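As written, the chain order gives the labels A, B and C, with residue 1 at the start of each chain.
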Amino acid sequence: MSTVPSELAVETEPKGVLPTGSAPTPARRVISTLRKSPAVVFSVCVIVFIVLLAVFAPVLAAITGWDPYEFDPTAIDSDLGGVPIGPFGGISSSHWLGVEPGNGRDILVRIAYGARVSLMIAVSATLITTTFGVVLGMVAGFFGGLADQIISRVMDFLMAFPSLIFMIALLSALPAGNRPALLVLVLSIFGWPYTARVIRGQAMSLRNSEFVEAARASGARPVKIVFREVLPNLRGTIIVLATLAVPSYIGTEAGLSFLGVGVMPPTPSWGQMISTAVGWYAVDPMFFLIPGTFLFLTVFAFTVLGDNLRRVLDAGDAA
Amino acid sequence: MSLTAPRTISIPVAGSTLLEVDHLTVTFPTSSGPVEVVKDASFRVESGDTLGIVGESGSGKSMTSLAIMGLLPRGGTATGSIRLNGHELLGRSDREMRRVRGDKVAMVFQDPLSSLNPYYTVGLQIEEAYRAHNGGSRRDARRVTIEALERVRIADASRRVDHYPHQFSGGMRQRIMIAMALCLEPDLLIADEPTTALDVTVQAQILELLADLQRETGTGMIFITHDLAVVSQVAQDVLVMKDGEQVEAGTAEQVFSNPRAAYTRALLAALPRIDDPFDELKGTSR
Amino acid sequence: MAITILRRLLAAVGVLLLISLFTFMIFFWLSPDPAVQICGKTCTPERIDQIRSQLGLDLPFWQQYWQFLSGIFTGRTYGEGAAAITCAAPCLGFSFQTNESVTDMIVARMPVSVTLAVGAAALWLLAGIGGGLLSAVKQGTGWDRAVMTTALAGISLPNYFVALLLQYLLVVQLRWLPFPQSVTFTEDPLLWFQSYLMPWLVLAFGYAAMYSRIVRTNVIDTLGQNFMRTAKAKGLDAPVVLRRHALRPSLTPVVTLFGMDFAGLLGGALITETVFGLNGVGKLTADSIAKNDQPVIMGVTLLAAALVVVANILVDVTYTYLDPRVRVKSA
């Protein structure tokens, strides 16, 4: 299982870029480079599809006529212990991706609602860890001294933690309550140091760069230097780190839900669906194949996009 | 400013001709078609003599030396002719070139720290060069290594041989690189900006060391630099390169007193000269 | 050197204390009352009080924490007089569910986890380093693309999904392997191997994927170093150049990574053991979570933390020996 990102080290050595005739804006150049890669185009399509699925989950429920919590006893064979009726896990004109064995809930609608939960948790955790990671990393890297000492110690401590086991312990002890919010909290606590570590390193090297020296010599206040001079230079790194954080949080959330400490039933979640499918995998393989494929494609798409962004932004930032 | 130069310049024969390079062109493929980084270079090196190749970065001087070594970066191709002791080097298999490298032609690079592997002792790195060509026991190789270190004037060589590169200063590291090159007694030594990364005082010591060693061994040398002042100290013959083209060639005396190309004159004009205040005037008035 | 290690050890003890304190706090304040849980369905308030006092649950936080902590080093005794139960050091308490000693439970399940971990580690090192090297040396070719695409899939596939997929294909559909069973090596070597094969593969896949990506980057980095040019200029054979000069700088950082990942396997093996029904420490944890068996969860958490902290020190010391720039002070 992918836990918190462990290989997000972003190389920052400047690479020479051949000067081109006209100078398009960096964002446009990045997009035009990425558009040439079929892998990136595929990934973006997958991400857009998953996001649409999540956003329009209620619409989908209305179209198919199935609520995510609604049992359909007519779609399962109670004599055979609740195996879906029909081929491929009960795929039919009424249930497009079949039904869950045992209770006949519609898999497609539950996948769509599961995407909602999954993306919401991952994106919220990414926003929080990126904000904290960037701010604390910049403070530590740019100002150094005591602030750096404290922040670095806390980061070392959190990163030396067996985070998965501890997340499990923490989540199993916490009362049921609002599980998605608790997941975001726990993911954020253990996730921010991975962003902060990279940002700290870059802020440290930027601290001694000529344009920062120039700003300092012209009498700009440190806070202003951080936001005007340092932050814009970290833009590429932040985008890459955030893009790669999303799949790692999606994976971790699914894993925790799989283990029964994440999103609790009846709220649908991909990891939890696969967990339920363990008992059915021999007789109804579609039940684990469908959520597993959605989970894999989502994580894969974000990772491919992040990898390619890193490649392109690295080359571009040095120019 | 005209950059055209005579295509072939014969340099007066002093000893026997060690290296003959004729019409050397080095090409790299790029997304916008092939680019010639060295265009039709021709020169000679006599044994015991030093040829200085001068040019700014990107002038093709380093690519020329890598072409001689057969070590062009991936994608690069060399055409023309490179003859060492009358034997053609271009078009040889990598296997054959390996026997030439180190043994016949050795090279000293610009940055002595990154040119040595940080994970191995300097002794081991010199020994392996020796044993790759001469075989023999480790004991022999070690003896040769310590001798080589003593020749480049590293004090306490028998102890220092077991030290790692990071335990030496910049000048010392360059001495080690030179020892590595010389332990195989090559016919030709290519020194690619060997003093650029060093302090001025250390630079003078290294130049002196190279000159002494050359006197002792009679090795031919190609000395690559961007610094005309350094060339004037070490080279008998000079080649000036710009944008891959050879703009000037001749004996050091000719080039310094009577430069033909405007680019050479500009380079000379930029040199601080306190010995002959009229030199500059002469250079520009022509 | 000795002072450095001593300082690291002290820091490690500090980290472990902090982790134990956090873990203890979480269960002390956040979790439902264990006494109620132990007591079961037919329960009187008197009985609950009795359990509380026997387990020391009626004491203030710091005293309970101290009892727990000292129990690890000196053992502890629950209750008084004839009803007293002693728990030998290292004492992590007793399971709420089975009343067994947590220490004994963990020790009994260690062999399975170690077997799983060692086999998987061997596999992932082999595949990860091999794949990474192949990819780097054949950079830009079909080999490179094939390895890197597999690696990308490997880091994106959740291992429980891979586990189900393998089990469905190899056991249910193709019948190449029997259903995994808990046998020891001495009972039936073949069945033992067949039972561990899938868990090893599943656990190794993700790590192998990650390692091949890292090894590839490291090797390509190293190949671009100036000392590689020096090695070639000396006239060394290409294989020697690669083996002697490129491999060591590229693989030394992997040692650090491997030490930490191996120590962290308790977490990684949790899912694999659960899916394949291997009765190791990971499955013990998962089962305890399901039953909210706090002493066991706490024991495993502390063990996992201790492993990571100890590995951290070992890795640092090893690294010092592997990298001369750290080992030998510069002149």
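Heads up, the rule we're going with is that a residue touches a chain if its C-beta (ideal position, glycine included) is under 8 Å from a C-beta of that chain, and two chains touch if they have at least 3 such contacts.
All values reported here derive from a predicted model rather than from experimental measurement.
Trainee: Could you work out which chain's C-alpha centre is the most distant one from the centre of chain C?
Mentor: In terms of C-alpha centroids, the chain at the greatest distance from chain C is B.
Trainee: Please state which pair of chains has more C-beta contact pairs than any other pair.
Mentor: Summing C-beta contacts for every pairing gives the maximum at A-C.
Trainee: In whole angstrom, how far does the Cα centroid of chain B sit from the Cα centroid of chain C?
Mentor: 54
Trainee: Suppose each chain is reduced to the average of its Cα coordinates; what separation in Å results between chain A and chain C?
Mentor: The mean C-alpha positions of chain A and chain C differ by 24 Å.
Trainee: Under the stated contact criterion, what part of chain C meets chain A in this complex?
Mentor: Listed in rising order, the residues are 15, 18-19, 23, 26-27, 30-32, 152-153, 155-161, 164-165, 167-168, 172, 206, 210, 213-214, 264, 266-268, 270-271, 274-275, 285-286, 289-290, 292, 294, 297-298, 300-301, 304-305, 307-309, 312.
Trainee: Looking at the complex, which residues from chain C come into contact with chain B?
Mentor: Against chain B, the touching part of chain C is residues 225-227, 229-238, 240, 244-245, 248-249, 252, 323-325, 328, 330-331.
Trainee: Residues of chain B touching chain C in their complex?
Mentor: Spelled out, the residues of chain B in touch with chain C are 69, 71, 94, 98-103, 106-107, 109, 111, 114-121, 125, 128-129, 132-133, 163-164, 166-169, 177, 180.
Trainee: Name, in rising order, each residue of chain A that touches chain C in their complex.
Mentor: 1-3, 6-7, 157, 160-166, 168-170, 172-175, 247, 251, 254-255, 258-261, 271, 274-275, 277-278, 281-282, 285, 288-289, 292, 295-296, 299-300, 303-304, 307
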